[in-house]
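Structures for review follow.
Two complexes, one shared chain (chain A), two partners (chain B, chain C).
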Partner chain A sequence: MIKGRAYTIFPYRFMRLGKDILLVNEAGEFIFMSENDFVKLRTYQLDIKDEIFLNLEIKHIVADTDPTLPIYLLATKYRTKKSFLNDFTALHIFIITLCCNQKCKYCQANSEDEARTDYDMNTGTAKKCVDMVFKSPSPAIKIEFQGGEPFLNFETVKFVVQYANQLNGAYQKNLEFVICANLLGLNEEMLNYLEEHKIWVSTSLDGPRNLHDANRITRKGTGTYDIVRKNIQLAQDKLGNDRVSALMVTTRDNVDKLNDVVDEYIEQRFNSIFIRTIHPFGRAAKEKLGYDVETFIKNYKKTLDYIIRLNLDGVAFSEQYATIILKKILTPFATTFVDLQSPAGTGISCAVYGYNGDVFVSDEARMLSKMGDNRFLMGNVHKNSYQEIFNGKVIRETIENSCVETMPLCSECAFQMYCGADPVRNYSVQGDLMGHRPTSEFHQINYLIIRHLMELIKQNDADIMNVFWSWITNRSIEEIKRSERG
Partner chain B sequence: MIEGNKIVIKIDLAIYARIAALKTCYVFQDKCHTSLEPESESIFKVTLTPKKGSLSLPEIEKEFMDELIDQQIRVENDKLFSNIRKMIVEQAFKPISFAELKTKIRK
Partner chain C sequence: MRQLKGIPLNSRARIIGKISKNPAKTRETKNCILATVSIEKRLRGFKAVLCSTAIEEAKTIRLKIPIIHSVENIEALSEGDIVSLDMMTGDIIVVYERNSIHNSVLASTDCNCRCIMCPQALAANSKENLKNNIEIIRMMDKRTPALGITGGEPLILGDGLIKLLKQCKKQLPETQIQILTNGILLKENDYVRSIARLRLRNLVFCIPLYADTDTEHDFIMQRKGAFEDTIQGLYNLATNRQLVEIRIVVMSLNSKRLPKIAEFIYHNLPFAIHVAFMGMEVEGMARKNIEKLWVSPKAYSPYLRDAVFYLFQRNVNVSIYNEQLCLLPKDIWNFTYKSISEWKNIYLEDCLECSEKSRCGGFFAAPYGDHKAQIHPL
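On to the complex of A and B.
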């Protein structure tokens, strides 16, 4: 403590939210205070008996005693928030084939014709990829099959499952499989296999028929809604609702109709939606399917409000992006969401294995490669060792340039602990790994969503907070209320 | 001061740090083209030209000054906190015992 002062101030970042000041400590714990109290805090004029002082002390922003304990506790909490760094790469995405039976207008992967076989991952490459995966020190391994449409090369999917399970007999890791597929070619035999091997299914659904078919079409240009809807139901009936999920892409076609998309998800027995922005890769970069940040945020807020109201009317349904951010704000824990980490999850949390054994730091990096830019290619399973790939120049440089703690604007942002960096997107859109925050859409969207959620938290409306906690804890609002009553 | 379609702000370096002025200009780069030049040893001249004609110049000027104050506070906080921040991160990833930490803080 500085001599003559009644208390020590510990690191915090701050931001103005309306008339109040938001203060966030090093571990992401926050407090709102008045401008007047903020001035008093900084000028050491707070009375240590005041309620605001005690509240700040609980958040380790001030202490009137030995500072060792707050620093010790902040370090422990900081470590917990950064615990995603503990185990290294857990998510391994296999591009089973580049071929696809769809030709979606926003395809980020620039898929190839389904008749071709030269873009399929063969079992020799798949074996090398699985060997590489098991070199990861992570005790939990998730292998995600992507494409193209992975069901077009189902024999390799089966090979990977069989070989990974065989290897895991010795490694004893927590091993999971997910297949990300459009489900167009799903049949009974495939479903039986998915059930037998407990494989999760993630598919795509952009809304009701008119919105889904606006962009998700076959190679002949026909809509896919009816068959996707039928096969989602088949998968849900066979595997259970909780083992089947869907993702949507927000385009200019559905950006102002997101409530309709939510209704469709509910009708199709999903209990959550992830309102995702379109990524500027592949065909999506060429087609004019985007929108400005303002349009997206306006509609995101409207739909978030709609979803909150649905929950209050008894429909348990969550928005996944908000849930991830709320977990970061309201709990001491880290999330496993690789797209919003610092350092970025590129390579250290997620790696992508191309059909030919090329290994990339992320799926977007692989898409960039398909567009002719190998900036984020870490190596190839046929040519390089695990050390060369996962301890090489590409991953190191990518990670070094993705720490929000050192990035302009982010370094002093009060939302720093809740946010993250995307060096691949920065490079792709702005030509440099760090990017330029004031003009970055990635930054603007995240900032505005986090700010909106923080403003809702500041309102402290009991109903809204119950909905948020039900999303975070995956419990019903009734359970939340019961636990509050003790 | 508003001059035509530009805002000219003179920053007194006896009050604000140069880095606070630079960081404030950085924040405004989404709205304005920014140029900076030293007017004298103690005055820093910032010229903001809005990228869109629809933006209110007096509003931008006010926002800039508010942001400048916040950035100055951040600069001062950084001086105050940088050692503690390093200590917290170091303790998080390379922990030492409570007693050792106490000794380290006293030093």
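On to the complex of A and C.
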């Protein structure tokens, strides 16, 4: 402590939010204070007996005694928040085939005709990929089948499941499988197989018929809503509601009708939705399906509010992106969402194995490759060793350039601990891994969503906070309020 | 602890044994103390005999066995209870009740702190104490649901505590063992590791945290650096995968900060399996310092409510101990728990007509005057 001063000030980041100042410590814990108190804090004029001083002290922003303990606590909490780094790559995405029976207008993967077989992953490549997966030190391994439509090459799916389970007999990892499919060709035999091997299903649903069929169409151009709806029900009945989830893409068509999309999800027995923005890759870029940031945020806020009201009316339903960010803001725990972390999840949390054995740092990276740019190709399972792929130049560069702690503008942002970087997107849109925040849509959307959630937290409305905590702790709002009935 | 009294005969020693109510029972009588109405002729093998009727000295002189007769309320003793007999005075101290869920072992009568609200009378430890405790544990029923290891500060026994825990592991493999400690000595990771190595499956460390800042906590514990040492101890427990419960005794010095203490716990000690807010036991130092420490439960219940809801909302297991329902808002009744040991537990005259008496924890033997005045039947 400097002589003559009653306390030490620790590092924090801050931002004006309404009339108040938001202060966030190195571990992501936050506090709001008035501008007047903020000035006092910075000029060492706070009374160490004042309540505001004590509140700052337990956030480790100030210390009036030996700072050893608060530094130790901060370090432990920082490690916990970054504990997603401990185990290395857990999510392994297999591009089982590039062929698809749909031709969605926003397809990022630029899928191929379903009649072709030369874009299928063969079992020889699949075997090498599984061998590579098990070289990851992570105690938890999730293998995700993607495409194209993975059911079109179901033999390879079955081979991977069988071979991975066989290897796991020795490795004893926590092994899970997910199949991301449009479900168009789902049949009884496939369902039985999914049930028997406890495979999770993730499908796509963009809303009610008119919104879903606006973009999700077959190669012949016909809608897919009816068959998808029927097959979602079949899968839910067979595997259980919690084993089947759906993803949606926000396009120009449904961006102002997100409440209808939510209603559709509830009607189809889903208990959450992930309101995802469109990625400017593949066909999506050409078809002009996008919208400006302002339109998206306006509608996102409106629908988030709608979902909160639904919860207060007794419908347990969550928005997953908000849940992830709320966990980052409100809990001391790490999140495992690979698309919003620092350093980015590219390669170190997630890897993508192309149909021919090429290994990429992310799904977007393999899409870039399909368009002819191999910037994020880490290697190939037929040609390279695990060390060459996962300790090579590509993964190192990608990670080095995706730490928000060192990125311009991010380094001083109060939301730093709640945010993350997407070097692949930065590269594809802005031509540079680090990107340029003022013109980045990724930045703008995340900043505005985090800011909106922070404003709601600041309001501290008891009902809204109960809804948020029900999402974070995965309990119904009823359960949280039950205790109050005495 | 429950205590009975009678007139001693035939010995001047201290005797520890397990109550048996069956004079014919011959198996395992070596450690048994017979509790009966009157003494019959043949009494082989018992360690001592307690009886409710008065007996003439002359008649029993030939029986060499230690006897306490004229014991009042002898039916309060149950088969399998463990008693400590003072043959000098005739005092019978019940150190273990087989049918109770509140059994504990007073592992240490000494402490490394002098907390300003400490209800215990402290004294230097004797070597006998550890030996006796190990013997008591050896006699306990294997089905004992829970056992507290209390003090004073049990950890100042050092290796002695390890010996005690080894006996617990052997005799009470299924029992929930709770060590009540201030956690200061757990700052030595080697010591924590040596306890962890015992691999007791149901061991919980119950550790008090009186404040969210070092200044206040150290003041309450009357020891500089206590906060830092205890937090370090808690982290050592977490890294060694030991179970932790945090206890907060509510007093005037911390009552307004209860929600902030809850916040501190959630963010810094999220590994705690249970958090308990506890009413103050007005005994010992607490009685002496009562003017400085007292705050009525009614006055602090809004803060208590906020703290409890803060933790419950975050899915933390939270309870309220030692509080009376008539002084708490109804919406936090669900968190209260009848936590006072049966032998300490009393109700006031007003309580007898209360409709919620069966749900209420009642009092320690002695409620403070101001406290008593606020109690009313529901």
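Just so we're on the same page, the second predicted complex is superposed on the first by the 481 of 486 C-alpha atoms of A that agree within 3 Å, B and C clash if a C-alpha of one lies under 4 Å from a C-alpha of the other, contacts with A are read in each partner's own complex, and residues count from 1 in each chain.
The working rule: a contact is a pair of C-beta atoms (placed from the backbone, for glycine too) under 8 Å apart; a residue touches a chain by one contact, two chains touch by 3 or more.
Bear in mind that the values here come from a model prediction, so they are computed numbers and not experimental data.
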Looking at the superposed three-chain arrangement on chain A, would you call chain B and chain C a clash or a fit?
fit
Have a look at where A:144 lands relative to chain B and chain C in the superposition and call it first, second, both or neither.
neither
Classify the contacts of A:466 with the two partner chains as first (chain B alone), second (chain C alone), both, or neither.
second
Quick check on the superposed pair: does A:58 touch chain B, chain C, both, or neither? Answer first, second, both or neither.
second
Have a look at where A:76 lands relative to chain B and chain C in the superposition and call it first, second, both or neither.
both
Just to be sure I read the superposition right, which of the two partners does A:253 touch: chain B = first, chain C = second, or both, or neither?
neither
I'd like to know which partner A:37 touches here: chain B for first, chain C for second, both or neither.
neither
Partner chain in contact with A:412 - chain B first, chain C second, else both or neither:
first
Tell me which partner A:66 touches in the superposition: chain B (first), chain C (second), both or neither.
both
Report, in whole Å, the shortest distance between any C-alpha atom of chain B and any C-alpha atom of chain C after the two complexes are superposed.
8
Per the definitions at the top, what is the overlap between the chain A residues touching chain B and those touching chain C?
66, 68-69, 72, 76
Which residues of chain B touch chain A in the complex?
23, 26-30, 66, 70-71, 73-74, 77-78, 80-81, 84-85, 87-93, 95, 98, 101-102, 105
Sort out for me which residues of chain A touch chain B in the complex.
9-14, 16, 26, 42, 66-69, 71-72, 74-76, 78-79, 82, 408-409, 412, 436-439, 444
Chain A to chain C touching residues, read off their complex
29, 54-55, 57-58, 64-66, 68-69, 72-73, 76-77, 331-333, 465-466, 469, 472-473, 475, 480, 483-486
Touch list for chain C against partner chain A, complex:
212-215, 227-228, 231-232, 235, 257, 260, 263-264, 266-268, 270, 309, 312-315, 330-335
